[in-house]
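Shared chain: subunit A. Partners: subunit B in the first complex, subunit C in the second.
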Partner chain A sequence: MEATVLDSWVLAEFETPDVLVDATRQMREKGFQGMDTYSPYPLHGGSEALGLPPSKVPFIALCGGLTGLTTALAMQTWMNTYDYPLNIGGRPLLSLPAWVPITFELSVLFAAFGIFFGLLGLSRLPQPYHPVFESDAFRTASTHGFWLSVPHATGQDAAAVIDQLKALGATQVTVVTGEKE
Partner chain B sequence: MTPAAEASAPLERYTGTPKLMVPAFGLGALGLLATLAGFFASSDAYAKGAAAHSYLLAFVYWVGISVAFLIMVAIFHTAKAKWLIVLRRTMETGASAVPVFILLIIPVILMAGYLYPWWPGSPLRAAITGLESEHLSHKEHGYLNWKFTLVRHVIYFVVWAFAAWKLRGLSLKQDAEGGLDLTVRMRRFSPGILPFLALTITFASFDWLMSLTPLWQSTIFGVYYFAGSFLAAFCILTIATTNARGKDLYGNVVTPAHFHNLGKLMLAFTAFWAYIAFSQFMLVWIANIPEEAPWYGLRIFGAWKPMSIALFFGHFVLPFFVLLSRNLKLQPRKLSVVAVYLLAIHAVDLYWLIWPALTGTNGPTFHWTLITAFLGVGGIAVGFALMNARNNYTMPVKDPYIAESLRYVQP
Partner chain C sequence: MAETAATPLDPLEPRDLIPPHHDDKSLNETLLDHVWRKPGKGWFMLFGLTLSALGLLVVGVTYTLARGIGVWGNNQPVGWAFDIINFVWWVGIGHAGTLISAILLLFQQKWRTSINRFAEAMTLFAVMCAGLFPLLHTGRPWFAFWLFPYPSTLGAWPQFRSPLVWDVFAISTYLTVSALFWFVGLIPDLAALRDSSKTKLQRTIYGLFALGWRGSGRHWHNYKIAYLLLAGLSTPLVVSVHTIVSFDFAVSLLPGWHATIFPPYFVAGAVFSGFAMVITLIVPARKYLGLRDVITDRHLENMNKVILATGLIVSYGYMMEHFIAWYSQNQFEFWTFYVNRATGPYAGVYWLMIACNVITPNIFWFKKCRTSVPIMWVASIAVNIGMWCERFIIIVTSLSQDFLPSSWGIYTPTWVDWCIYIGTLGLFGTLFLLFLKFVPAVAISEVKELQLELKHAAHQKSHGAH
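== the complex of A and B ==
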């Protein structure tokens, strides 16, 4: 019963980012899947070691930017040529060069929104609870610890995985079990 | 040798330059002779003007790139950047071509009457009449006269040649001696010379390009010229690095991360060029005052309109979106294709600045001296740079940070 509603992870802490990246790569080559790394700052080579596919964030940012571009051009065209046309010094009503600053700013703003919210959405953040938060030792992931999580079938013996992680240089290994997301 | 053996062989002083240098000098000499013959042998005012403007275009194109390389070296020293050290010798070699332009400026001065209405005895002066003529006389009195112009040119070339000689000299000395103290000296010298480099390239662009239309002025013009030249210099650096494979060449040890950075800098300076170009245009458009508007009026209406639109798409929109791709920036060959394209469009940009002063509302025309002058000045400049590269290492082998540069990974 438990195995269908509970998830387990083997958590391993490593001393340096290099050891973590190396261990991640070797664990992936052994066939472990669904792993994740945790570090206090961006990890060089972390995504490559995990074998992650290319990020979708740039595409979302591009869509955001193009949305901003069209919104700004449409808004200014509608306002200046139809809704409230004003003749200023004989300039054309459809004065594209004068609209570029607002178009640029709105493109940047929407692209930034795309990056910010796209990243939050793809990372499923904010996440107020996750079973691994139960582990007190795991708190070092936000200060000085370099952690690797390996999904593990609930209820089965994790000794083999633990041994492999220790052989790769893990300083401490724990198993965490909690409700499925 | 196989590529793998080449990569692991010890790096010696490079001796392979003559096979490129000799054809470059030959082509350069032929191009220069043809262009000058085109100017002096013809009596037609258009042909003379076209030859003079073609030569000016070629001159500002190549000298701009050389000075941009100099500024690049100084900026990277100022920032204490380490990733690019493996590429630095190529930048220094590009900057080392500066002294040859002291000779290459002479034809510009000889043909100045056909370029600049303010030059004494210029036949173009007659077209400026009435109040405009008085206004121009006022400018000529203090600044746009031949004596002060020559003095300014002496200042430009003294500053550039001195900076290029100093920075490259210290770097070559380090090849023999090594040591951190030479790096420290380069890093102290660079921020000190940068303001002078900025001022000289600004005033040089005023003298060479802006004063073709002496009644028009734009204070951002120097930055515009610098932006295009700086981008072109990164393009040449990318092409050189891609092709520097073989015995004693540094391309064997460059990593994809270096190319990624070069691609990112090309993207950044494509955007920078567009930003500066648009800033200049928008201020003139918004203000719309008779003194400034005609320069753009000539270019954005009538026969020059298609070219202005093409420049916006060709120099900004297309390369910007192409260079956004991360995969492309990691592939040296493909990145070099973009670099060649940008080098071509930079020439179109300079044509768009220069040629309307010759043909006015008649629009773009083609004259054969455009090709000969471009190859002439380019051949001599490239040949001279290669001559300086001869029997030197292709990268700063004893720089204390060279190992860090070779190990560089993506941040």
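== the complex of A and C ==
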């Protein structure tokens, strides 16, 4: 059996979203990597403060949509033109205008699946357990708390990180330990 | 300087959308309160009522399945009746939900934030009710998978030139995408429920549905764009769905059905009835849930304006139908619109439709009516009745008297038809009451975000004025 590698995170709560975004930016400028913010609603300027690259969700959605489009066109053409042709009043067997509604619907359906599963995949959800949940105070992150996590993996001393976070306006700071991600 | 700096606030966005005395914590308590509180007597009474109506659905469906669809009133020449009327009616009601959540989001109409969750739930339940009707009308719903292209031993495929097959794809796509949209919007609020739960059972159940959401900035980064994209997709979807529903009629050759105006006219009618249904439901719900601070009179007034606008489009649709019937000088069209519908055996339903759909919405020209809760509530019910009558008129009159007088016939619904119709109202009500009990009826994370934006805007404004 493989031994569990333990890691620790410093969690800091801030008063308002603006202070949190500001603190995140300053911590990143000091060279901290792999930080994350936690808030009940999206932070304005939060992605920029974390230095995240553009989201891949739109690209996945486009791929889903194109898959739906080609699937629908291929399906209808093969089924109604080649495999089981039905001559109704002499209408052409390849009647593309009549294929449009289903092509549209399937494109939307597959794009929506792309968005949904893309979102879950990129966020690695569902993930019922995460070390941050070890802290009881952290439960406010989904209601009215604004948190920042700094992974300890980069080698800085935890005490130093805590001092810096407090200097940036953190109202409470804790350290949680859990399995390495 | 002072004049220009004093307007960073969107002129369409007065501050009283959410009263300023709320902060994130108090919003949370207000909006989650109804989930944690034990439901009151009123809730149980209503639940009993909707549950008994649901019982009628069970009776109606069981009897239909045991005896076959011959127990319904529709027969030659009226082969489509309650099953399609109710199907179109329910789908139409559902459309307002998508419109509110998607189109208003794209247009950045911030007032939608307080009502979108509510309206999306309505969509979901309405589409479920709608789906029941064509499913039962197949006669043997356990073979409903025949509608989908699957490699059967018969070696046959569906006929993709038929609007009825388009319907299958449109409705199933619509139900799936609406459910995904609703659920994605719900995830942060489910996490809020998980984290403010009192017992372990609640925490486990809400935690399960929250998928481990922790409000991570990296997740929000993808979430924001995913939600916006789903809204962007839903917008053309909702238009396409009702367009396809209208094709079921427009593609045929029957007088009164064979009209190119059908797609836009159906979509407008759907929005019209859907917004009316939102008013019908939200007026009592906001009182019961104590949400007057979040769903304000301004929200209701805005919805009434939409009802007025779409009501006028629907009236224009009626006018055009009558104009084309005269202008084409086609005797069958002329007969359908001017003789059969207006003076025929179903004239009562026709004039009720005109009264409810053409006359009623015009009261919303007056601010007094737009802002009076009792008046709008009665008017919204009238619109729902009117839109049901519209579908009845379109479907039944055209079928009962078409080209040959020798093949005319009169349609009357049977008790089974009524059981199933009232039953779906019960199903809808039951699902809705459960929704109000177990899930936050207002999108909490979005309201908090809006609250912050409004505060920022107000802050800038007060600074700019100095």
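Here is the rule we use: the second predicted complex is superposed on the first by the 171 of 181 C-alpha atoms of A that agree within 3 Å, B and C clash if a C-alpha of one lies under 4 Å from a C-alpha of the other, contacts with A are read in each partner's own complex, and residues count from 1 in each chain.
The definition used in the following text is that a residue touches a chain if its C-beta (ideal position, glycine included) is under 8 Å from a C-beta of that chain, and two chains touch if they have at least 3 such contacts.
Note that the structure is predicted; figures quoted are calculated from it, not measured.
Student: Return the chain, subunit B or subunit C, that is in touch with more residues of subunit A.
Tutor: Of the two chains, more subunit A residues are contacted by C.
Student: Thinking of the overlay built on chain A, is A:Gly45 touched by subunit B (first), by subunit C (second), by both, or by neither?
Tutor: first
Student: Name the contact category of A:Leu106: first (subunit B only), second (subunit C only), both, or neither.
Tutor: In the superposed model, A:Leu106 contacts subunit C only, not subunit B.
Student: Classify the contacts of A:Arg91 with the two partner chains as first (subunit B alone), second (subunit C alone), both, or neither.
Tutor: Both subunit B and subunit C are touched by A:Arg91.
Student: Return first, second, both or neither, reflecting whether A:Val132 touches subunit B, subunit C, both chains, or no partner chain.
Tutor: A:Val132: touches subunit C, not subunit B.
Student: Touching subunit B and also subunit C: which subunit A residues?
Tutor: Looking at subunit A, the two contact sets intersect at 44, 58, 91, 95, 98, 101.
Student: Give the list of subunit A residues in touch with subunit C in this complex.
Tutor: Going through subunit A, the ones touching subunit C are 17, 24, 36-44, 46-47, 49-50, 52, 55-58, 61, 75-76, 79-80, 83-84, 86, 88, 91, 95, 98-99, 101-102, 104-106, 108-109, 111-113, 115-116, 118-120, 122-123, 125-130, 132-133, 139-144, 147.
Student: Which of the residues in subunit B end up touching subunit A in this complex?
Tutor: These residues of subunit B touch subunit A: 278, 281-282, 285-286, 288, 324, 326, 409-411.
Student: Considering only the defined contacts, which subunit A positions touch subunit B in the complex?
Tutor: Against subunit B, the touching part of subunit A is residues 44-45, 54, 58, 62, 89, 91, 95, 97-98, 100-101.
Student: Quick one: in the complex, what on subunit C touches subunit A?
Tutor: Residues in contact with subunit A: 23-25, 28, 149, 155-161, 163, 165-166, 169-170, 173, 176-177, 180-181, 184, 188, 191-192, 194-196, 207-208, 211-226, 229-230, 233, 236-237, 240, 244, 247, 444-446, 448-449, 452.
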